Amino acid sequence: MSEAKLTKTALTPPTHTAPPARFSHGVRKGNILQVAGQVGFLPAADGRAPTPAGPTLREQTLQTFANVKAILEEGGASWEDVMMMRVYLTDTAHFAELNDLYNEYFADLKEAPSARTTVYVGLPAGLLIEIDALAVLG
Amino acid sequence: MSEAKLTKTALTPPTHTAPPARFSHGVRKGNILQVAGQVGFLPAADGRAPTPAGPTLREQTLQTFANVKAILEEGGASWEDVMMMRVYLTDTAHFAELNDLYNEYFADLKEAPSARTTVYVGLPAGLLIEIDALAVLG
Amino acid sequence: MSEAKLTKTALTPPTHTAPPARFSHGVRKGNILQVAGQVGFLPAADGRAPTPAGPTLREQTLQTFANVKAILEEGGASWEDVMMMRVYLTDTAHFAELNDLYNEYFADLKEAPSARTTVYVGLPAGLLIEIDALAVLG
């Protein structure tokens, strides 16, 4: 490890609003990049409240993937660098469809897919999925 | 990365009791520091069972922040080094107040605020919030 | 940190089936090793669907520990390297027994025990516990 002081950088892609509190959508420090919990909100638009991409698991999951990806890229990373994804669902009946979406979306990964934990929790009304991610670059 | 063997150090601040099982309140190895899930228990006192700071979200959240901070400092870190905080609430109705407390408590952060994931889970009776944290020093 | 490109390696121990979707049971990149959420499934056997070690918390927890350990070892790590374990239970009434199992299983750890967060979530029917782990080697 270099002795040089590492800088922690907030990652705020143009698709995202300013966070609603004193946290960052993502941060990078050295070769560690952490993406905050993302949900299926459409890209931010002036004057519109945060709006899910749709009511279905498919719509929300694909939008959530896009939101995670935007933060990874803002930090100079890609899906290939992701070590862990935490997937929070609200209904165990969604597991099979989540896996189908996962296989479809990540079909072209070149490196080892990330590890994953999927658990079932409560989320704000209307949201079916939340995902965060830890990446190691380099 | 140096070839020298890294040491993993348990972090047990004087405000904390010995953990109730074979885990550590926090550990540091190299420049990675992980804080275990903290709740709003008051500083340990001889002969007193673990006692929440109070019944309200405010009381428990501020005490939980203090408990996380004590472990960070025991490991030579501060809030500025935190990359990720995982916030576990029990009620979606607490989200707005959590954000208010967050903004108040972290108003003076100099570096980028950490990422955050907030989900709604079950906690032991009487507890409204639990928080853990990952920090990268240097 | 060396400038050499780090490789991300999928960890698939012989006790495990291929993952049911595009994720890895574990990955290692540099000195970071992430174990995906493990449950108490018995070692994979041809033609048998994933089968929990038994209906009790004890049976499932000990099998889950074995499954995490297999992945750590596949990546050249051991329990001594683990920084954080996330324990997902389904019932707050299981906490005391979890701690007993923890103390029994980890009695001989030489280094500082890992940090831990325990929360109560939903899991697929029949499963009482899920655990994932982050390790830092070296």
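Each chain carries a letter (A, B and C) given by its place in the written order, and its residues are counted from 1.
Quick note on the criterion: contacts are C-beta pairs under 8 Å (C-beta built on N, C-alpha and C of every residue); 3 or more make two chains touch, one makes a residue touch a chain.
The chain list, named the UniProt way, goes like this: A, B, C = Reactive intermediate/imine deaminase.
In this text, all values refer to a predicted model and were calculated from it rather than measured experimentally.
A.B. asks: Looking only at residue numbers at the chain A/chain C interface, is the share used by both copies over half or under half? Answer same or different.
C.D. replies: different
A.B. asks: Would you kindly give the rotation angle relating chain B to chain C, two copies of one sequence, based on a CA superposition and rounded to a multiple of 5 degrees?
C.D. replies: 120
A.B. asks: What is the distance, in whole Å, between the centres of chain A and chain C, each centre taken as the mean of its C-alpha atoms?
C.D. replies: Whole-Å distance between the two chain centres: 23.
A.B. asks: Out of chain C, which residues touch more than one other chain, so two or more?
C.D. replies: In chain C, residues 1, 30, 121, 134 touch at least two other chains, as defined above.
A.B. asks: Contact residues on chain A for chain B in the complex?
C.D. replies: Counting only chain A, the residues touching chain B are 1, 5-6, 8-10, 19-27, 29-30, 32, 34-37, 86, 88, 121-125, 130, 132, 134.
A.B. asks: For chain A, which residues are in contact with chain C within the complex?
C.D. replies: My answer: residues 1-2, 30-31, 80-81, 83-85, 92, 95, 98-99, 102-103, 105-107, 109, 111-121, 134, 136, 138.
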